[in-house]
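To keep things simple, chains are lettered A, B and C as they appear, and every chain counts its residues starting from 1.
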């Protein structure tokens, strides 16, 4: 077996170890790379920033712990952004596991900015059915969500006074890791009811949302942990996304090196065979 | 105390799953099965508190909205699928779900994903400002910005041509389809890049938990 | 009877949803609201059906006792514990259900998906080869995006993030839009075939 063949059959556990080190070392010894903000994230930030105090934002959480490192920092930063600007939040979700994550984000930000559950924010909980839930809520929120996520009647909450349907919502933000998620909010809330919709999505799905952004169907887009780090940068806070960016850089560097290295030996082997 | 116990429990289960990298083992299998059981229960509890209680039980039995008997019966018919002899009755609720979804999809997909996307592509081919910019300030980015709109128009058109299978991909048509493939390859490359980014982010999240919350090695 | 009624239900449900887009007034708007509520409830039963299947599979495993059968006990015990605490204390924050979610469910779910980082790295090394011009284009696009989207790219060459963003916003967007239009047309025609009863595969099986 020559060196080219040996390298091609490298034990994958060596690659696993290298990947782990590429993440662990920068977390233990931070480099402090500066983060550049991209246009889609700036648009997202501007969409929230443009709302006057007292506005109502609907934050729908369509993600789960499996994508938490990417979407949860966006959720936390968004709740902070809203409360900092005295914007009220109506939370809900089309994935059940997103409900406590959204609730935790709002509670954490509420504590920092002195906001109260039921007055400044509420969590209406989860409904199954994706696109049809959005359609039902667009016409009648109290009918679709008679109780909050923990089973309390929503008429008990001051924030719900005067909220009937999407006419009473100024901006809709879907934090999504798949379907149902942002695309369904665009299809119904934006397409049918003309509401402003912005999205925070996982990096895996982000490339597929650029057509919506280009067509003006999305007000802004945060993609993955990098997008969350950019949003944190705009808010001048340093959350878990920002702290992960050094490791992200080094791990990307490693993977690019692995691809180039493997291709170099592949081309070398091909030339030898000729 | 209870918080510390939680962190240790979380760390142990994280390491159980991580051990799969070495090879499939009983620790991983234990965690995997526990995860499935717990997830199923989690969903079941949310179905009850967030849907069955507010949208069925309370309005039907508390406020006497008798029309809700229909979805209740249809729902029970759905569960009948578990019993092979009467499983066919589940077709009724299934038909309702499929029919409703198809109705919604027909209009919304056409509007948001076809017509709106075509409309957004129909923009002036030459953006005079970008070209002026290129000639006054030549560089990589001014060049890329000048060709941006033609790239989009050509990319979308040839990409759609590639998906048109009613005509054989030969001659000029085949040439356009081939250009379409190049654009699809760039899109897949971008998606691959973003997928790598996503997976690394997930690992960072877990490693951060182990180093920060569990071991306290980072502040 | 076994197929005609479901086909009629599909037709009525589909048509109501279509008509209310064009005539958003009574009776179609009321019917839509009614059907929406029914849909939410029936969907839950579909999910309960999934849970039922899970139980069926694992109770059978307990009866037959194949290799590794005791893992089914772990699964059912995990379900029983989480379900009991959820039903007794509810899903609110600060309850035992919430405690189990944060300390047991989250670590396993997150780590399960984090494992993919290792496999994607290994796959990049083993399978990502510039075998054809198309594969080379894919490879170059992936590398530029990967390096352009992280802060490191900015230090290598300050134009890299801009090039990464350009690829995302234009060529990638064009490719994604073409895929999107293709999918949309496919879904529209399939939906129409389902509503009109031409496509019936969803009614197959017992």
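We take it that a residue touches a chain if its C-beta (ideal position, glycine included) is under 8 Å from a C-beta of that chain, and two chains touch if they have at least 3 such contacts.
Source: prediction; values computed, not measured.
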Arrangement of touching chains [line / ring / star / complete / other]: complete
Busiest interface, judged by C-beta pairs in contact, is B-C
Which chain is the middle one, judged by CA centres? B
Most remote chain w.r.t. Chain C, using mean C-alpha positions, is A
Please report how many Å separate the Cα centroid of chain B from that of chain C, as a whole number. 5
Just how far, in Å, is the C-alpha centre of chain C from the one of chain A? 16
Length of the line joining the C-alpha centres of chain A and chain B, rounded to whole Å: 12
If I count partner chains per residue in chain C, which residues reach a count of at least 2? 21, 37, 39-40, 43-44, 47, 90-91, 101-102, 105-106, 109-110, 112-114, 117-118, 120-121, 124, 139, 142-143, 146, 149-150, 168-169, 172-173, 176-177, 179-180
Note the residues in chain A that touch 2 or more other chains, in rising order. 16, 19-20, 23, 66-69, 97, 99, 127-128, 132, 135, 144, 149-151, 192, 207-208, 211, 214, 226, 248, 251-252, 255
Among the residues of chain B, which ones contact at least 2 other chains? 21, 42-43, 46-47, 49-51, 55, 100, 104-105, 109, 112-113, 117, 120, 152, 187, 190-191, 194-197, 200, 202-203, 205-206
Given the complex with chain B, which residues does chain C contribute to the contact? 2-3, 5-7, 9-18, 21, 34-35, 37-49, 51-54, 56, 68, 71-72, 74-83, 86-87, 90-91, 97, 99-121, 124, 134-135, 137-146, 149-150, 159, 162-163, 166-185, 187-188, 190-192, 194-195, 202-203, 205-206
Chain B partner, complex, touching residues on chain A are 13, 16, 19-20, 23-24, 27-28, 66-70, 96-97, 99, 125-128, 131-132, 135, 144-147, 149-151, 183, 186-188, 190-192, 202-204, 206-208, 211-212, 214-217, 223-226, 240, 243-244, 247-248, 251-252, 255
Residues of chain B touching chain A in their complex? 21-22, 42-43, 46-47, 49-51, 53-55, 58-59, 100-101, 104-105, 108-109, 111-113, 116-117, 119-120, 152, 187, 190-191, 194-198, 200-208, 211, 217-218
Mind pulling up the chain B residues that touch chain C in the complex? 2, 6-7, 9-11, 13-14, 16-18, 20-21, 29-52, 55-56, 67-68, 70-72, 74-76, 78-79, 81-82, 84, 87-88, 90-100, 102-107, 109-110, 112-114, 117-118, 120-121, 140-141, 144-145, 148, 151-156, 158-160, 162-163, 180-197, 199-200, 202-203, 205-206, 209
Chain A to chain C touching residues, read off their complex: 8, 10, 12, 15-16, 18-20, 23, 33-36, 38-39, 64-69, 97, 99-100, 103-104, 107, 127-129, 132-133, 135-136, 139-140, 143-144, 149-151, 192, 207-208, 210-211, 213-214, 226, 245-246, 248-256, 258-263, 266-267
